[in-house]
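First chain written, first letter: the chains are A, B, C, D, E, F and G, and each begins at residue 1.
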Amino acid sequence: MEELYYMIYILVFIIGLIAGLLLSYKKHMEPYIMSEIDIPSLILAIVGWFFLLNHGLIRFASPVICLAIAFLFIGYVIGRRPGYGRRETAIGIAIAAIVWISTSGVLF
Amino acid sequence: MLDLAIWVYAGLALAIFGSLAMVIGPGVKDPIIRTINSEVASVGVCLVLLSYNHTLALLTLIATTVVITLILLRAVSRLEEIGADV
Amino acid sequence: MVIESLGGDLFGTIPLGDIVLYLNPLHLFLFVTILLFTVLIAVSRTETQIEALFGSLEENEVKVGKKEFKQRRFLAIICGIATAGAMITGDLFNFTLFMALIGIVNIGIVSAVKQVSVLDSAYQYGLIAMMCGLPLFGGAAIILAATGTLSLFELQTLPLNAMVVFGALMMLVGVAGESGIAPFYASKAEMFRTPGSPFILIIHLSSLFIIVRFVEILLILIPVI
Amino acid sequence: MVVDIVPQFVPAFFQSMYVPVLYGGLIVAFIGLMGIAIEKRDIQILILTDLAGLAMLIIVAAVGTDLAEALVLPGLVVELAETLAISEILIAREMRKAEDARSFAPMPLNMDMEIMTTAPNFISLVLIGYGIFLSGFTGGAVAGGGIVLFALSRKIRGLPVVVIDGVGAISGISWCLWIIGFLLFFMMPQYWLLSLFLAAFGLLLKVASKMGLIGILMREEYGRR
Amino acid sequence: MPSLGKFWNKFAKPKNIPRLFALVLGLLLIAGFLIPTALNPDQLYPRPTPQTQMDAGLSIAPYDRGGEILSAPGITKAQYPENSASLGWINSYMSPVADAIQSISPYFGTSIYSSPGGLIDEILYYTRGFDTILESSILMMAFIIASWLAINFTMDRKNDEEEIRKDVKLAISQSSNVENAVEESNRKARKRQARRER
Amino acid sequence: MNLMADILINVIIAFLAGSLLLGLHRKVMARVQLRPGPPIVQYLLHSLKFFFKEVSFPKTASMPFYIGITVILAGIWVTGVIVGPVAKGSLMILFGIYAIFKIVEHNSGSSSGSPYGKLSCVRAVFSAAGELPLFAVIGLVFLKTGSMNIADVIAYQSAHGPLIMSIPLAAIMLFALILTKSPYSPFAITKGKDIVSGFETEHYGVLRGYIMFSESIAFYILLWLFLTLFFGPISVVGYVIGMILITIITGVINAITPMLNPNHSVMSQITIAIVCIAGTVLMLVA
Amino acid sequence: MLELINMTTISIALMIIGAIGVVLLTKPLDKVIMVSVLEAGLFLAIATFKYLDVAFLTAMLDPLSIIVFLIALMKIYNVRKSKMDDYSTIDNLEIIKENDGELNERPFKEAR
């Protein structure tokens, strides 16, 4: 069954990528010049990366669903037009990593 | 036993001598001379086959040597005739 | 035992006297593929090469004539069958013979063309193929002298022997020359400049498959572990 | 009694002679190959590859068993056939290079040798008869020698395409005979005698008819006016 | 680095390849003198010491391998005797003509035993028959190639009138070329002759 | 699980992951060359797009062959997935698949009649030498582990530690092969831009779709093979990280190297192979 | 002394003499004669081994090979001679010699 889940993750990730690409083209007509952070995608990135690294903490849904959602969101943020979504992703990774480190017991 | 060994050595000597003659013998720049020299090596091989009692192989070798010579000489003369410098 | 660890479990053998053909997943895969290609070749037309002429706006078409086409198709099919045979044979000498057949047929496939450069490389390749008789048959004979057998089934159980390694190396050089892998690739690669894509495909196919098969034979002959 | 006729192991003579003969073969091969390596002209290399074939014969024959002889026999004929094919390619290449300048007919030869009018009929008849008696590769080679001589001594020139087609057909049919014989050996071993004759005469016909082709080629070359 | 490139470039010319191959093979052969070599006495199809059969006066020397015509098989030490149901029968068989010759003279062993029947035939056609099929196919292919080339390129094409007509037209249209070419080839021949005599 | 479903799932994974990796490869190259580069998903979109385009055939093509070759190309890579990730079968078969891949490359070039395809075809023959490293690698792996079955190799590694520790030069050789097969590599003479798109030049529409489909599977399988052969039993996360790393490394290398001339490309691969083989044999003997 | 004169020594001597002769003589016709000496030695060797049938065949095929050599030699001789004769004048030769380099540059035939 493992492979089936991997396939689902990849599919979801790709759907996220494509959706991100299409929506970002609709939203930003110009190539990457702006410097402010896009709030909705920042939220998605944080949620995605959080789910990816910390799905063990979440009890109300099965890890498969968590990971699928995580990949969808991550894909959505990464997949945007060149340049867009980089900062959001970085912030997402940072927050998720901090939570992961603090809860996994690496530090203690 | 010794008698047979002499034949084998004679055959090998002829084969080696013939091959040397084919490679660096006098006048081998001319392909005809080279082809005729190849006869020596083939007689040497014939002797080896003979002393090993491979007589059927010997028969075949004698028959095919003639034909191979014919083919090579045909190639040589035809190329001369065309005037190809190969 | 070595044979199983190389290509998977045996499916079965075809005994023809002292020559035993055998099949395992690897050979089956190669065998089926080569037959598939041979069928494809048998039903294909040839392509037309179009080259722009230098210095003008015209173009030059190179086609395969009908007589030439028939001859080359025939040889290509034979080459396919020979390669298929080489894939499943279980006898060393038999393998070298298949090799020699493939070599001569390869020359034949390109010998019918009109380009001088292609004929030239076919000739050079032919010289190599003739020289390959020495390492191939000689290598097999040295292995025969050292072990007293030519059957791969018997050879796989024998211990390592310097003469067998030498014979195997000779055969390796022979296969390398005959199938035109580097550093002997040039004469064979130049033969591919002629039109008649399905036929020249089989030249390449056969040499690569022979290499695959020979790797297996080499590993059978040289049991390191 | 029977054990006396065929020994269980290889006799001491072959064992003691193996190393010298093998070394002799290797030396011949080495000389020949070095000759090829330093030679620059194409036709010369073709002649020198003959030497590689001879070295191969020595190495194979050194094993000194009946199997070795059986491996030598066809090797010889194959060497011959390959030489023919490759020399043909060389000639074709050179003719293509100079095509517009040459007529296709070789220069006629004006010679009158006594031996060419009296000897051939007799010698070739004897050779062909003896070859038929021998059968197999050897018989084919011997009878073929006779046919070559016979064709060579005829006075006509020109291309008998029909004859060549006929030769091809005969050899194709005899090859089929041979295959049938081979299969019979394993399908119905009780008919081994029939299969033996099919095989032996199939091969005879095949080799002899191919040699006949050489004869026709040679008549082209050396035909008289 | 550039010299390495130049060195590599030599491998790209077809004309160099046979010579390179011969060189590599020749160098490999030297290894044959360095390793210990010996004949394994346990061979298939062994044969007696040369000339022993001849000296013993066997009428079918050197190929006598025992057996009686159509009643007992001869001796053949094959690899897989279980695969060959009628092993040994062929090397005991003798055709009627061969039988007749055998009674005449003891010096015709080779021809007797190579006319259908005999050990070599046993190996060639029976136990290793597949090899022989291949050999004869190689032969056939080589001759097919040679005869195809001969008919289409290198031979006198007296019967192919179309082709000849075409060639004649070509020759007429390029007769000046022809003249030059002939001259040149003669000059070349002369040069070559001079080189040979030098 | 059902075998067919297993195969299907693995093929889909290989295709999607391979496409993403190739996209990433292109992105990395672009960033090294200070361009923005296309989105990572672009390669996949391209492959999918071609399946819906109209197909056209050159007038000069060698007909059943021209089409059949792409189908065979897709077929052999599906077989590659079956032998590799699904069945963990014989390495020899994978080697055979690479041989056929070479042939398909060769022949899809020559069957169209285009001069660019023809050049690519001749170069494919030249670069048959590129398969020599693969042959040497599996030979060395066989000599080390005593088996050609991938499952056995994995078992050996879990017992004796990863092979990269014991035969690192073989790993370098296989890495050189990956480099050869990656797009825009200095050794990728068959697809060099001097001959337009090499063997793919004349294949449009669905046929091109098949080719791109197979290319992504091929890249995935090669990376999978590298990680499996030399890093032993690693987890999925390990595979993902390893594949991304290798892709990035090859991307950086390809971005900063020019394409070699065909002859030099072949001879340098051979030289690398010979050096690595000699080194590994020495290490094994010592 | 006399015991040295047996078939073995004679045949080997014949072969060695023949071999040396074939190699050292450079005129083709001389070579052909020495080839027949060589083959006579082989014939004698086969007779020493008592294989009469093989000897018989050798006796048949040896003249054949000599004939082959002779025909080929005559042909090549003719070809070379006719090539030599084709020069109409000596001047022609001089001119060609002067323009040697240039003529070599000129392609024998325009490429296809």
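Going forward, a residue touches a chain if its C-beta (ideal position, glycine included) is under 8 Å from a C-beta of that chain, and two chains touch if they have at least 3 such contacts.
The structure displayed is predicted, hence computed values, not measured ones.
Asker: Which chain's mean C-alpha position is the greatest distance from chain G's?
Answerer: A
Asker: With respect to inter-chain C-beta contacts, which pair, A-F or B-G, contains the greater number?
Answerer: Here the pair linked by more C-beta pairs in contact is B-G.
Asker: Which integer distance in Å separates the CA centroid of chain D from that of chain G?
Answerer: The computed centroid separation for chain D versus chain G comes out at 21 Å.
Asker: Could you give the separation in Å between the centres of chain C and chain D, each centre being the mean of its C-alpha atoms?
Answerer: Whole-Å distance between the two chain centres: 23.
Asker: So, what's the distance in Å between the C-alpha centres of chain D and chain B?
Answerer: For chain B versus chain D, the centre distance works out to 14 Å.
Asker: CA centre of chain A versus CA centre of chain C: separation in Å?
Answerer: Using C-alpha averages as centres, the distance is 53 Å.
Asker: Two or more other chains in contact with one residue: find those residues in chain C.
Answerer: Residue numbers touching two or more other chains: 16-17, 93, 100, 104, 107-108, 111, 116, 120, 127, 131, 134, 142, 144-145, 182-183, 185, 190.
Asker: Listing for chain B: what residues touch at least two other chains?
Answerer: Chain B, residues with two or more chain partners: 4, 27, 51-52, 55-56, 59, 63, 66, 70, 74, 76-78, 80-83.
Asker: Using the touch definition from the top, which residues of chain F touch two or more other chains?
Answerer: Correct list: 267.
Asker: Spell out the residues on chain E that touch chain C in their complex, using ranges where they run on.
Answerer: Those in contact with chain C are residues 11-18, 20-22, 24-25, 28-29, 31-32, 35-44, 78-80, 83-84, 126-131, 134-135, 137-138, 141-142, 144-145, 148-149, 152.
Asker: State the interface residues of chain E toward chain F in the complex, per the touch definition above.
Answerer: 5, 8-9, 11-12
Asker: Chain E touches which residues of chain B in the complex?
Answerer: Touching chain E: residues 4, 27, 29-30, 51-53, 55-56, 59, 78, 80, 82-83, 85 of chain B.
Asker: Would you pull the chain D residues touching chain G in the complex into a rising list?
Answerer: Residue positions touching the partner: 97-101, 107, 109-111, 113, 115-116, 119, 123, 126-127, 130, 142, 145, 149, 152, 221-222.
Asker: Looking at the complex, which residues from chain G come into contact with chain E?
Answerer: It is residues 49-54, 80, 83-84, 86-87, 96, 103, 108-109 of chain G that touch chain E.
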